[in-house]
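Encoded as structure tokens, the structure appears first; notes follow it.
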């Protein structure tokens, strides 16, 4: 089985990819997807830790995995609301490019 | 009972907001304040201590009291100064009806703030009340000021805010370092501040208070502000509010004696900056209002000289002259500068200008104005018989108190000597101004001027009377500062040192005079 | 009654309001507003009888704490929500115009229901002491705010603000969960109480556990990620960038809600999360450095950027950043309190309590001015002194309080923050930097707040007509101003609520 | 007795207050009140002089264990001086009734005179240095008031200002001196307590004591118009002539001498030993010479008298300075000269006032002439005064100058020869004045129409004329002037006598021959005398110096204040704050991606700070 370090490395990589996506992409939908990627990276980390943090009885520590479910739920809600806003924006402005969203600044 | 002194102006403000006649409200309130203030001072002088003050606990952690009382004679004197100048200010100058509300509310708030600051026996409200003046000052200068009013209003406000903040840092540090259980002066003065913290605290207090007092080089706000502000605001600011910083230093320096002493040289350089540097700036002024503003900055140097003497002596018992001297001079200067600003306003109203070169011969048209202005001008350059002189001469004596003839003059003595040159400087600009305004032939601007009416005269007459009374009998004020122990000590010293008073040969019996020694 | 019923009641109220919205007519949402406000005010009654949940309920006690800070911050959330709903009442014309149209209230019902959900989230945050419950409560608030910010779907500004808030909010959520994951991984728990014990045990005996003290880096890494997402909530540098844009674009009641409620909830969570780290010798110095750095930068950026602003709402946004900086300073100067000094918890609570009154008051003024002038710019305040002297006076007092002028409630928060900082600077010299920046910030603050006062009194009015104040706003503004002044002289009541 | 003395001090003050606050609108009442008060003070002063010494005081200011007293000390010195002050004062007041009859601001004038009388009385009676300084300033103030009486005249206003400022410069040193002496003499201001500590002064403090005494002397330099601060006195002649007689000839300007002598009496002459006394004497000598030279070329009748006053004050100061070597006798000689000089110089000034009055306020002596015929009584009194000033025996001026010259010859021969030279110059310029103004023919219509002055002005002249003759005789002098050996030992013609007699004849004869029958000054174009006429260009030099040091420095400092402190430092701070704000503002680009990148930077910073910084 892969070691904890390997899991952490992969999840860290995922997180970094997500972050990089947020930083460089211009399409709001893509940015939003990258954000979801970051959440998934966090989930992976949690599960990995949960699996390797065995308690005195040798079983994994399920607290982490419970948190993963919460995160998934919250992420779903966030996506629902988020997409609604993005759609509303598209209706109003006919664009989903972040470059066009600079009416307020300074 | 002291609460009345704060509540009167505050109630007047509320009444004005509710629609009362602003001018009448301000005049009545300040009149009652004067009355109440004199009464309270008289009670205090007669020995009443118990029922004068109020004390509310407004916050239990840290313990803060809204406590108003006469902490000592210094508070009484500063309170008297405040109510006297407030009375005069409320009766000086006038504005359009649409500004009357702002004008009078500002005046009342500044007066309330000053009285509150001087009467608070709690460090917190001592600081807080002073800030009451900030926004009224900003608004009155910005709306009703002369000249470059907007820029000046900003400058004053930012400067004062800056000073207050530095001061707040110093006070907070003082509180933290002293470990006082509450913020009252009483418990604070019982504490000892660790030597390590004293130096920093002293510097913060010096810069903070110094900025509020327009100590060089933090002085550049004061002269333009006084020159620009409407007369009553200048009177209150230059006459009363500015003394807050000096009052604070006199009040708090015993807590950080070592720290203060370590900055003695700096203080002396700065105070000489006030007296000489600003003195020369004053000579070069072309307008009466800015000249008066600068002169008021300059004269702060003398009070700092007394403070420097006190700091150098490390304790009040080593130099008992310095503190009374400083207080007396503060009082005298406050009354004088208020009177000068009030009369300058009159001059502007009579002639329409304050440019010195446009004026002349006004004494012919307005002898009463000339008399009053001359009196105030003479007071400000230290003519004996008027309040300032008594303070100034005591300041100088205080400066030499610590001098040993065997040693070369120390920092304070050198400062005293150089400060004395300031008397020449102030005579130069004051007499020049008087010469330009009142003497010589009448000119275009003064030809049609009329003299002051009795009503216009009344505030200046009150201030002049105060100057004369205090100038002739400074002990009227100084008795407030008498510590009972000091009286006993003086009598004892007299008995031991001079068992028999010296008698001129062949003279009649001589009344014993207490010796002015040690 | 166990305290967690409060949150349940609030959520139920929210659901009720949504249900009413579904069946209400589209002309008027009056009923929803009345029920929402009335329900929340009524909640004060059970609040009075609420007690801490029984300690034998171990699973719940692990998540939920009902101590003095929790009570205070719940009250804060409740009060904010009530005031925001009142404000929404007077704001409804603008809201309607940018939602469905000026003549109909169709589609605006949710705007009165959603704050109630956010309120439940904030109240829960005040009590949460497990990273899981913190996460859930926080997300409840955040997601609700996504909608509230972008609510005016016919106004581009509102939508743009909504998208910015959404993206950056989600980003911070990412950091939060990733940080939680790391802390969980190192400590094997999400419970702050346990983490606290763990760190305390380690600080006294470094060899006890598997080397947090030997190598605290992973733990601190997790902490830094959480801190970043909390900085987002409270509007601290470097996560402050969303604040001006979102505050400006969002409907004004939402802005008020964000700047008070959401921030206050963020701070109680920050305090709870940082508490174990400040209490432990292993992590204290790093935590102090990072919080101090954030505080100093926040003060500097907030105050200095506010100087050139011309839009009042944006000015309030920067001012809210600046206030966050001062509060962070009180946290950086971590103090557990003694006979003469408030603890950091209490100082922060005090600051936020007064901040609530002043800020909501200022937003009420803004709503009134906006209704009359149709603009949020500072120039809309020109000549207010002539057009409505009462409003002008109240605005002046509120602005002075924001600047932290003594004798107003606004002074005490800064006073305590600096007092704590100076107190702690004795032992930790580095705090002087924060104090110095703080003083620069206060001085700059005088400048930009007075800029508005200048507009009110110095400038000539563009129009002569008087500005009318709607009834609710009038009562709200007068009572908030009065409270500001009275508490300026007599701050003790706030201390009672904090329970010091 | 003390009550009477206090009344002596306060009567003029009450009178001044009554005039200012009561009868200002009724000039006649003000004048009468003032005259009544001064007559009252004169009577009191005479009464006191025949009574025993007195002293009394009250505490004026208290600070802890420190006090400042206001007290009166009536020893023989003070009592005698009071007779001089009130006597001259009374006569001047009476003279003024006539001289100022038609002045519009008569009330202000008499009020000013009363303030002056109060202040001068205070100086004389002061029992400590602070009190003396208080009244010292007050006489300066009343002098300012009275010089500037006709303030609409620019020159009068400027002269008043100049007098005040020059005196302030002197007082600068005076105050330092007082403070230093206070420190040296065991921290006491009281004259009565100075003797013991002064006797006990260690040798090591000789230098500092000398400096202190010289600084105190600065006060006298200002008030008694000694070189180099003499410039104000000639200008002070812009005031009404009776004022010049009272203040700027007889009493106030002599206060410097009185003060120094008071110090010598109180602390002994030992503190004047060494360089302090010598410097004082030399300053006196230089002043007496320079003033006499300048007097030879003045055309304004009052200015001639003013320079002669300077010259005579120089004699007195010289005498007081010699006391350091010669002991108290030299100081007494100076005081004796002060006393005689007061009468005859008041006489001369009032006489010139009468002349000016008669000539319709013409002061240029070249526009007079032939007044002897038109106003013989005035001329007679003026002649008596002139002779007294010339030190013609046996008039009063002779005796006192003789004493000074004798002291100088004994202790400082160079100064004696200067004094002897001035003894030539004095008769010369006085003869010039007398010949030109009173003899010959009228040269202007003012002098043609001149007629004898009314009795109210004439009577004071006659009284003063009598006093100018007899005041030095021991019957009067011994009870007023501090006991001097002249009265004890009588008079024997000696070398000093013959030299001064020769000087008198030389000067008077030269003056008469040179100026008799002239209508313009024959020496006017002589370059040396031009120098005298232009007062050695000292006024111009001072003006330049003031312009350079005061005004230029003031301008430079003002500029620096505005530019450096206000512009650079304060303005710079404000600008950099605003600039930083604008930078932050620019970072707020509105672009989501920009924010994200800043977030990224912030993340790195936070992680760095949390994890790695310690």
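First chain written, first letter: the chains are A, B, C and D, and each begins at residue 1.
Throughout what follows, a contact is a pair of C-beta atoms (placed from the backbone, for glycine too) under 8 Å apart; a residue touches a chain by one contact, two chains touch by 3 or more.
Being a predicted model, the structure only gives us computed values, none of them experimental.
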| item | value |
| --- | --- |
| Winner on C-beta contact pairs when C-D is weighed against A-D | C-D |
| Chain at the geometric heart of the assembly (C-alpha centres) | B |
| Averaged-CA centre spacing for the pair chain D and chain C, given as whole angstrom | 76 |
| Rounded Å distance between chain A and chain B, as computed from the means of their C-alpha atoms | 66 |
| Centre distance in Å when chain A and chain D are each reduced to the mean of their C-alpha atoms | 96 |
| Rounded Å distance between chain B and chain D, as computed from the means of their C-alpha atoms | 34 |
| Multi-chain contact sites of chain A, meaning residues that touch two or more partners | 19, 22, 31, 98, 101, 103-106 |
| Junction residues of chain B, two or more chains touched | 158 |
| Per-residue overlap in chain C, given as positions that touch at least 2 other chains | 163-164, 167, 171, 244-245, 308-309 |
| In contact (per the touch rule at the top): chain pairs | A-C, A-D, B-C, B-D, C-D |
| For the chain D and chain C complex, residues of the former touching the latter | 577-578, 580-582, 584-585, 588, 590, 592, 595-596, 598-599, 601-603, 605-607, 609-611, 613-614 |
| Sites on chain D touched by chain A in the complex | 585-586, 588-593, 596-597, 600 |
| Complex contacts: residues of chain A adjacent to chain D | 19, 22-24, 26, 31, 98-99, 101-106 |
| Residue ranges of chain B touching chain D (in the complex, touch as defined) | 155, 158-159, 217, 219-220, 277-278, 280-281, 283-285, 316-317, 320-321, 323-325, 328, 361, 363-364, 371, 378, 382-385, 389-390, 393-394, 396-397, 399-401, 403-406, 416-417, 420-421, 423-424, 427-428, 431-432, 435, 438-442, 473-475, 478-479, 481-483, 486, 489-490, 493, 501-508, 510-511, 513-518 |
| Interfacial residue positions of chain C with respect to chain D in the complex | 163-164, 167-168, 171, 175, 217, 220-221, 223-225, 227-228, 231, 237-239, 241-242, 244-245, 285-287, 289-290, 293-294, 300-301, 304-309, 440, 444 |
